[in-house]
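The structures considered in this document are given below.
One chain, chain A, links the two complexes that follow: it is found with chain B in the first and with chain C in the second.
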Partner chain A sequence: MVKIAIYGKGGIGKSTTTSNLSAALSMMGYRVMQIGCDPKADSTKCVMGGVKIPTVLDQLREKGTDGVELEDIVFEGFNGILCVEAGGPTPGIGCAGLGIISALQKLEELDAFEVYKPDIVLYDVLGDVVCGGFAMPIRDGYAEHIFIVTSGEMMALFAASNISRAVDNFKNRGYAKVSGIILNERKVENEDTIVKQFAKEEGHTVIQKIRRSDAVQRAEDLGQTVIEALPDADIAEDYKECARKIMEICEGIELEKCV
Partner chain B sequence: MCINHCFEKTLQYSSPGHGGWGIIRVAALIPESHQMFICPSACFRHGALGAMQHGYKDRTSYLYITPADIVSGYDNLIMEGADELLEKDKSIKVLFLFVPCMDDFIGTDIEAIANEVQKKHPGIIVRACHMNPIAAETKKPPLVTTMHSMFSAIETENCASEDAVNLCGSFALIEKECELSDFLGDYGIAVRQLGNYKTYEEFCEMGRSKYNLIMRPAGKFAAEYMDKHYGTSSFKYMITYDIDELRANYEDWAKLLNEKHSKKENAAFDLDAIEKETKESIERAVKKLNGLPISVASSAVLRPCTLAKALIKYGFTVKEVFVQELLPVDREAYQYICENHPEVQISQPRHHKSAVRNNKDTNMVAIGFEGAYLRQSDYVVDLSGDEGMYGYYGVRRLMEMLEKAVEEKADLRKMIEEYGAVV
Partner chain C sequence: MKRLYRYLPPFAGDYSGVGSALYELGGMLCIHDASGCTGNYVGFDEPRSYDSKQLVYCTGLRRDDAILGNEQVYIDKIVKAAQDMKPKFVAVVGSPVPLIIGFDFNGFAKDLEQRLGIPAFGFETGGMKGSYKDGVVMAVKKLLDYYILPKKDELVRNADRSGKKVNIVGATPLDMSEENLQALKTVLKERGYELNSVLSMSNDMDEFLSFYKADVNLAVTQAGALIAQDLEEKYDMPFLAGLPVGEFGTEHYFTCLKKVFETGNSIEVSQEPIKVQGDKKGEVVVLEDGIIASSIRVDLLAQGYEKVRVVSLFGKDAGMTNVEAEYTEDEDMILAAINGEHCALVAADPLLLRYRENTEGVKLVELPKYAISSKLYHHKRWIYIAEKFSE
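Let's turn to the complex of A and B:
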């Protein structure tokens, strides 16, 4: 099982990227589980046909700690992708980090990976590694690989740098490592050069550029990923290529075998 | 009859009779171990007092965390604190790092920190522990996870290679007079229990045992850990005082052992003779109590309803059962009592309504401090947490304790103080 965490600044396109990667990987024949770790709980929306699924925290609140079963929190979306949303507190109160901790612990307690046996688990994690809860997906036993989504915008790079530093702080603990940067194009001047330079300074590699395209918006309007709605779009190729490279990095799998 | 709306989750009343082995006392069973509590200064005070009461003051340390530390994160402080402690006390072989509920909330990865400390101090075993009452009603309450950490501290070669059974889930020593030693001894199998070891090295022999016996649910997680990591196999025959259940357990266990072990020719374990002796002790106690009402509390035994059912079957008069939370292993007996003995009151000792009492009739014998305190019973059996009890031996000891208890009125306060119960 390959476990991957996707990090990046809020609004940079992590959920779009993650959903399209899930879809591309599922089309390659893998059984994929996507776990949204964001209180907004909309990571998997486009995999689920535009429908927001009940979150783990919602179900814990409604059914109590002992009353929640896997079928209450794991839902099958496009091409058999298993979708989970951690959920979070009411805005302004509670603790979002603790929400992620509770949700991931519940999945572990219910042996979700043993029951569903996914080949690939993708954690889509909100924003920066601002507290212990947001570091949870990269701890020992969770994700092994981190891919950071960024554009050439200064704030996105700043967040990416923070994530990279946080991971570096934990290097003695057997936590996940940063395995690459995904450039989500925003049409910033000299964007390719800026991001490549950033990656070099941080000791990482830009594994794929996702070109800016209105296909993303058109697909999202349909409640779908680009892979599902517009599989022939140029950007769909970018996602597929990115998925192939991710598997190469994580498992060293020869591409042809997966297609 | 259920009073206090049985098994409601309400504000809890904690009486002076409530309590048993605290986490510190349990973890201190690992010889040459030390416990470091990392917490705000208001946490663990009760545990600290309990530790002093039981003589473990020199085996516990406290690293206080301030609000500023919580905001900034304090992984480095834990590591520095552990370094300082291990530098000062070279006798420590096992270090338990305890964190409170707060660390569940803020996501401290204490397991990773413990690994880092261990790497830095070769030769010392460092394990993470959670003293988190917020997990009390989950599948992994503090006692269960602490026992897991304790047994995961074993480092030995030749795991699961010796004919021995580790007793899991019970803390007080079970005496050699218990027929368990003879039963297993007939197959050449030794009994190993935590309280028997003086050094860490000796304790590690538990990792070389082939088997575990889960005596109480608290030991299940630890036994599963050993099965997975050391290759042991676990039997589950919980503590019971029902002689029919005991016979069935021993017969079942013997069948399993016969598959892999040969039995000695001159066997020491004689099931019929032990059962006869036990029945005689039951008859004596029934005669002596002569209908005196009995209460059974969950502070005394793991399965109070099962004990109450057995006592009724033996001919005793059971008046009340105090049970805070009905365990699956006690459910059948609970249903039996509800259906067949509506005269038996079943109540939650820690329900808030238990704080208001009108005890008109105190002429009864209470098994366990919690029920004794709530009803101010004249006679008390000072049994707590099935300590030292197993098999027919446990039944006979309980009968002796009942007979002794009714000889004179109890000084409950003195009994509780001497026992040193920790909530």
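Let's turn to the complex of A and C:
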């Protein structure tokens, strides 16, 4: 099982990228589970035909800790992709980070991976590594690889740099490593060069450029990914190529075992 | 409110189970707390701490450090303490606050391991769910998985079980007094069995890690049954779940043990037919760890008691098949069981027996248990292993 976390600045296109990668990987024959780790809980919407699924925290709230079953929180979307949304606390109250921790622990407690046996798990994680909760998907036992989504915009690169540094802080802890940068094009001047230079400075590689395309919006209007709605679009090829490269990287790296 | 305890104290927590299981092994136990859990463990859950040495380090967690994620402060302090005390390993054990803020025990331990160059283990405990039983299982499994599992293919095992070698698995003072453990060791020796290792009241790490040299594991508690099940899966070691309690129970136990040696299949003392040898008596309720209680049940049924209710206070686990057992942590149910009608005998910790209202015509058998009443009734402990029960 390959476990991957997708990080990046809020609004940069993480959920769109993750959903399209899930779809592309599922078309390659892999059984994919996509776990949204953002209180907004809209990571999997385009995999689920535009429908927002009940979140783990919603179900915990409604049914109590002992009342939640896997079928209450895991839903099958496009091409058999298994979708989970961690969800968040009541807005303005509670703690979002702890919400992510509780949701991921619930999945573990219910043996979700053993039951569904996904080949690939994709964690779609909110913007920055702001506290322990948002680092949870990259801790020992969770994701082994991190891919950062960024554009050439300054704030996106700034966030990407913060994420990279936070991950570096945990290097003694056996956490996941940054395995590559995904450039989500925003048509900034010299964007390719800027992002390549950034990646070089941070010690990473740009593994794929996702070209800007209105196909994304058209597909999202249908509540679908580009892979599902417009499989012949140029950008669909970018996602497919990105998925192929991710698998090449993930299956080629041997991780050190942790205590 | 159903899970609120109004009369009974909280039983020993998971962090105490980890501490107890690792006590003899030469490690340094680091309890990440503001000092309350350390006090609980050292002062109330660990009888050995009064007259022998163990390295226990309390991190003294403070509010600001928890909020700001100042883990480096604690890492530096633990590193300094470990460099002074030179333990064989470090075990980082949690309390409620780290558990609630999502402290990364494994990551923290990994950091310590890098700095110290000795093994460090993180235990996600908090004293909030589960019990000491879960801590014991967690600790033993984690250490064996770290030290022995990678060498599994090189281990030399005695495949035909001809050595009559056994391990005692799941023994800690929280469940079993030193005297009862000694009685078990003695009766095993008298019956021709060689004791290889005690998980986890071994005298040292080498003995602890040599568990694989035994032929059969003796799971003496629920924690023991869970560990033995894991060892059966990983190392193909069969186990017997139960204890030789009372005269009749002891004979029954060794018949079962002989069968495990002959067949190589795991069994539980409660699964084998019991030969009733005494006169017809009334009904009984036993409140204890499930394995201990179902072993007591075997002896009492053989004595002639008609029905023995087993009430496990620590959940339902392996090793309790064929027992009409109830599993509860609910205070109301515990007190209802203590006050069960038509009982000729009630066996439980003296703290629980205090709540028996009608004592007329009922024999009360006190089973002091450290996980329940700590040192309150420790002086009342008595030997029921291989000795008469409730005469």
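Simple rule for what comes next: the second predicted complex is superposed on the first by the 251 of 259 C-alpha atoms of A that agree within 3 Å, B and C clash if a C-alpha of one lies under 4 Å from a C-alpha of the other, contacts with A are read in each partner's own complex, and residues count from 1 in each chain.
Keep in mind that, in the parts below, a residue touches a chain if its C-beta (ideal position, glycine included) is under 8 Å from a C-beta of that chain, and two chains touch if they have at least 3 such contacts.
The structure presented is a predicted model; accordingly, all values stated were derived computationally and were not measured.
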**Prompt:** With chain A superposed, do chain B and chain C clash or fit?
**Reply:** clash
**Message:** Contacts for A:109 in the overlay, against chain B (first) and chain C (second): which applies, first, second, both or neither?
**Reply:** first
**Message:** Contacts for A:101 in the overlay, against chain B (first) and chain C (second): which applies, first, second, both or neither?
**Reply:** both
**Prompt:** Looking at the overlay, does A:39 come into contact with chain B only (first), chain C only (second), both, or neither?
**Reply:** neither
**Request:** Determine, under the contact definition given at the top, whether A:87 touches first (chain B), second (chain C), both, or neither.
**Result:** neither
**Asked** Just chain B (first), just chain C (second), both, or neither: which does A:8 touch?
**Response** neither
**Prompt:** Residues on chain A in contact with chain B in one complex and with chain C in the other?
**Reply:** 97-98, 101, 131-133, 135-136, 139-140, 170, 172-175
**Prompt:** Okay, in this complex, where on chain A does chain B touch?
**Reply:** 65, 95, 97-98, 101, 109, 131-133, 135-136, 139-140, 170, 172-175
**Asked** What residues of chain B sit close enough to touch chain A in their complex?
**Response** 73, 104-109, 111-112, 115-116, 119, 137-139
**Asked** Once bound in the complex, which stretches of chain A touch chain C?
**Response** 97-98, 101, 131-133, 135-136, 139-141, 170, 172-175, 258-259
**Request:** Provide the residue numbers of chain C that touch chain A in the complex, in ascending order.
**Result:** 69, 100-104, 106-111, 113-115, 119-122, 142, 146
